[in-house]
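Below you'll find the structures, each written out as structure tokens.
Here subunit A shows up in two complexes: once beside subunit B, once beside subunit C.
== the complex of A and B ==
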């Protein structure tokens, strides 16, 4: 046994494949290092820990980017088919890192208003980031499930992080129950696929039935097999939970509202993005042969998601729930792009990624403003709290207006171009019905996004100076939020600044 | 620096200036005006770099702006001899007008806004000059429209300025609608909107020239260059500050329409060209008549601009785009000079604009007056002045083409000399007729310097042999073409005689008819109905006003009733109610109990199961 293990390890060290996942390893070391630092450092130097987390991640980002350009962006398989790197996964590494850096920064602001342990927050955020990187690179169902569970379990803790708030605890419990349910559904689907693909009676059966390549060949030939169909759909259902698509969206508003705002942003952007990349890789990889089944199902899901998200957001007054529900609608638009990719529009995956980037910039701008404005009672932020924001805090008002404008897809902001790319992809894939529903959804979304902007800018001018909890608002906050908006505007005017679409 | 980099720098300098002014110096007039003038100087210097680097070839650079699949929108420069000529003129005249504005706007409270607007305008104008495709031209076309709107309405508190800026904006939109349709049609027809690519396609197969595309694109020109029937906005636009009138409504923006035609001249079939020729000629004559009915010095110049734009359009329509460009350049020099001179007089007379309240300016403001008269002589086409060469060429071209256009355009020359003579005799000679005029004083150095430089150019600008070799290639070509045409010598003599007769008769006739420093309009006294007719601009504004008030307004009223009852009442309220209702229903699904949520998952799984097993297909 020991010989076998030694042989196994030697196989990896011989060709030095560990270097391939160096950014993930470095993140893990960083995350553990933070816990170590808390033990070692004297209490008064604990302020260093957030800095260590931020700069450490920035360093990893630089390493990941240089390594990416050094290794190149060709698609290549490693670790006997566990990891499959493509240009998309290389890019998503950077995406997740930027997300976790922003979440750590917002978390720093959030935690400064709370009486809560601090180090574990950064630790968990970094662990999630590393796990999501592995998740999008996995090309084996065991790898996928382990990475997914790492993400989910860490999120259980983060969602319930604010132990003093009953809403946060409630959200944590709901996320735990729903997440466990969806994980079990996903796992059940995987098991069905494994079982049926290992059946020696069927053509192209495989000994390594969890590998995506093997599964693709098997499913292409056995697409009418009931177990294959059920298994694939259960897997898709598990992913739909992650991206918050109807009918698995029901947890979204409660959890988004209860979580600390930075965690909400993390869930809304990074977790959703990871889900979409996995979905893209599944439907253009192993489930390629099931197009006849999946295209109608996902089309229905996309249409329902867009309509449900937008309609439910219209009457919402709590801004965190509003962001959650409108996030459901965004998931619907992105699903349209995924369906276009299934129908053979070669550049549609890149349109999805482009949209995710614009969504990242706009969402973090909005969540950033929310984090700044939130008092110690984080969960109850109503639209009324934003009345006359532009007069009281003009800078934050401007950031919020730009972020919401981009989410609504108003030119010349990035969100407009992102939607344009998705809709052109849908047009080329001849998804006219979905295109119509998407446009309808966008029209509805303008209503509630601009309702929010209206509260900020055109509220009733009241002379009373409203006491608001002024978080210390320093230069780096300004630079960070400003950079998000500038990025949004630049992408909107010069889409080529973001060289994603080939 | 390569030519492309220089061009990019020239394009971005005014944008940077506008951004700086908007974000940091909104309330610092002095800093803002300095930044803007420096940016204008930078444009000129970078343009010179670019032209030197370019040599006698052309510069083509292009960047992809939007790409998906096989659809591609690019942004780029197409910088050839024509663009270089136009760029030099715009950069130089623009810079002089910036300098002039330093003095003219010195007392204005909103100086920063004014100079920021000038910078934005320069940016948009350069964009039109350099653009290599129709879509990009359209973007910058709208931007000049916007900056023109902003600058006409600079004196926010006057009713007149607000109405004029609105009118200019709306009238231009009408033309732009046609332009937009033309672009879409051109893309559909040629598969590209790139100017050089379209040229290649048309050169390979002349049958592809399409009259509808040409006519639609011409609409953009009609709006921007204020040609009939969309000419009504230009005289009103004089409500803006005088430097704006000089820059936008005389030298550059209104000429951009002509420049645009010259750039896409290869798209025009004979029929459309003929139409443009007739259109231009009629505007040239019409505006000449209207100028007699005006007492406002700027409005007289505005009608003169209309008339000269008509000459350019006529030259283009006669098949000589190079001659049109030539007249565009010389006109820019002397008309900018005349407007700035008028600005200097208005400034000196404490914002008095009525010519019958001036008089005797020559003694009070000698330098302004001399340069102004030089400009008038150039405009009237006195032998040796710049205006002579370009107008001469246009008249010869018309003479070769046929008699009607020739006589109309020559008649236009008589009219021009007449109304300019009227202006000169009444304003500069005789005795001051108001307090403002009697206290007139010569303007400061920053205002006189541009006048002197422009006066020199108005005299010498037409001497083509002294132009740098990179510039005016297309003009030389057309001149040669004209020289070699059959019957050139006869026409040349005829035009020389008639042209000289025109300015002599016009200037002397106006002196005899109106008299030096007249206090009232002789035409109004002797033939009031004729004067009234001219004063009312041949009733075009009234006709449009009638149409808008009686027909459009009633139609709009009807639509508004429909709007209130059907759209607002039923559709908007109804759909808002429906959305709200569905929203309530969806919201009510979030009951907050995990128990209920698990059923959602169950329902989802059942739905997926049903699909997977194919039960759904049975229905």
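== the complex of A and C ==
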């Protein structure tokens, strides 16, 4: 009997290759090590902990990049179908690591202005990074749910991190209620799919009904089943909550405003990117057979998202809410790319990734400037605070202008090329209506992004006493922000510098 | 007498709907919290019923993960609510609107 059991278990563990998730394991060890270091180190050397976090993550980045090359990566399934690695997931590992390194750096600046516990911030950021890497690699709904919840639960803490500010706590509560609601909706969808795909009375039922491959085969042959359709729609709705697409966008401006600025950046870039990659894998994987249903639904969502995000951002004066609302619009553009991928444009997923990279560089440039300029009252950063910034702090003003220009899609910058690729993909997929709406959205977005730039460069209060709070601004800050802008410009001029589009 | 799959699914759907309406309509954050738990438990019930009917164990296994995650969420949520109550002296949603302007 025991032999039988051992044999059975051995069948399951045959392709457990722990080496292939080495970067995630190393991140987990690093995160726990930080907590340990806080206990062990004497109080006056606690300044080492942020350095340990940063250099540790850089080390993991090097390991992750050297271990598996991105180009020509062979897709393969591991851990009895729990993990499926492709060139996209390989690339996203690096993407999330770069995000978490930047967030740790900005977090260091943010925490130096606040009276808050410090180590836990880095711990949670690293845990989220590891969980997001597993999230994009998961090819089983159990794996997907657990990784997604690890990300979300850690984000609840980070959003409410500034315990002394009731705005941060309120944002945390709102994110918590909305996040838990979206998880329940996602789960109900998963359960319906599981129930119907494993039903022994239906044709082509599967014994492993939570696996993406099995579901794909089942759904392709049962795409008319009502429960399949409802389940798939609920799953898509749950993901739409995470990426902030209309009609599930209500939480975005509030949560972005209330959370600490580095966390806002993390939510805006990494969390959204993870949501999109999961969406991409679902619609081109298990839900491939439901194209007839999902393409119209997602097209409608994308159009509404682009229009809502841009129109709501026009009148916004709080810069964090502005970034949130314009982030909704960016989610809409990326959704257009996802729909193009569903319609069979083979390189559309790579256009989405390219756009995410340009969005990362530009957003972190803007959020970096915001983190530098924010006072201890982090949630209320108004456009008026940026008046004459270029005259007071020319360097920061230049960085901000480049970042916003890239977000708006001005030609020599990376954002333009990113949008161009997405629009070409949409054109090839014959999504002309969506293309028109996207172009309209871009035109509107130029208006409000340049309202912000105008505030920096052409403020009218020239006789105002320039009360410049000289926040410490050292060489490494300059190098980091400069590198983000240089990256944006290089991608904009030589898109081939980023070898993503095959 | 055995109770059929449809009965379980009906109860589960009802619980889910009650939870969803509670989240949308109620004003007290603690009640919203209970409604969220109700939704998760509706999912659990459906999972167990499906698992039994389909004859696969994945559903039963998944329930444990959901329960664990729900426990983590509750612990965090109550901590945030308590911290917020200390600052605002209120747990009603309509008074927690400092951000929406």
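Convention: the second predicted complex is superposed on the first by the 481 of 502 C-alpha atoms of A that agree within 3 Å, B and C clash if a C-alpha of one lies under 4 Å from a C-alpha of the other, contacts with A are read in each partner's own complex, and residues count from 1 in each chain.
What we mean here is this: a contact is a pair of C-beta atoms (placed from the backbone, for glycine too) under 8 Å apart; a residue touches a chain by one contact, two chains touch by 3 or more.
Given the structure is predicted, the values throughout are model-derived calculations rather than measurements.
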Exercise. Applying the touch criterion given at the start, work out whether A:297 contacts subunit B, subunit C, both or neither, answering first, second, both or neither.
Key: first
Exercise. In the overlay, answer first, second, both or neither for which of subunit B and subunit C A:187 touches.
Key: second
Quiz item: After superposition on the shared chain, which partner residues are touched by A:312: those of subunit B (first), subunit C (second), both, or neither?
Solution: first
Quiz prompt | First (subunit B), second (subunit C), both or neither touched by A:248 | solution = first
Self-check item: Contacts of A:177 with subunit B and subunit C, given as first, second, both or neither
Solution: both
Quiz item: Touching A:234 in the superposition: subunit B (first), subunit C (second), both, neither?
Solution: first
Quiz prompt | Partner chain(s) touched by A:156 [first = subunit B, second = subunit C, both, neither] | solution = second
Quiz item: Is A:435 contacted by the first partner subunit B, the second partner subunit C, both or neither?
Solution: neither
Quiz item: Overlap of the subunit B and subunit C footprints on subunit A, residue-wise?
Solution: 173-174, 177, 181, 254
Quiz item: Touching subunit A in the complex: which residues of subunit C?
Solution: 9, 16, 19-20, 23, 29, 32-33, 36, 39-40, 42-43, 46-47, 49-50, 53-56, 58-59, 61-62, 65-66, 69, 72-73, 76-77, 80-81, 83-84, 87-88, 96, 98-100
Exercise. Going by the contact rule at the top, pick out the subunit B residues touching subunit A in the complex.
Key: 63-69, 71, 579-580, 582-584, 586-587, 589-590, 592, 594, 596-598, 600-601, 603-605, 607-609, 611-613
Quiz item: Along subunit A, where are the residues that touch subunit B in the complex?
Solution: 173-174, 177-178, 181-182, 185, 226, 229-230, 233-234, 236-237, 240, 246-248, 250-251, 253-254, 293, 296-297, 308, 311-316, 345, 347, 351, 417, 421, 424-425, 428, 444, 447, 494-496, 501
Practice problem: Show which residues of subunit A lie in contact with subunit C when the two form their complex. | Solution: 141-142, 145-146, 149, 153, 156-157, 160, 163, 166-167, 169-174, 176-177, 180-181, 183-184, 187-188, 191-192, 194-195, 198-200, 205, 207-210, 254, 257-258, 379
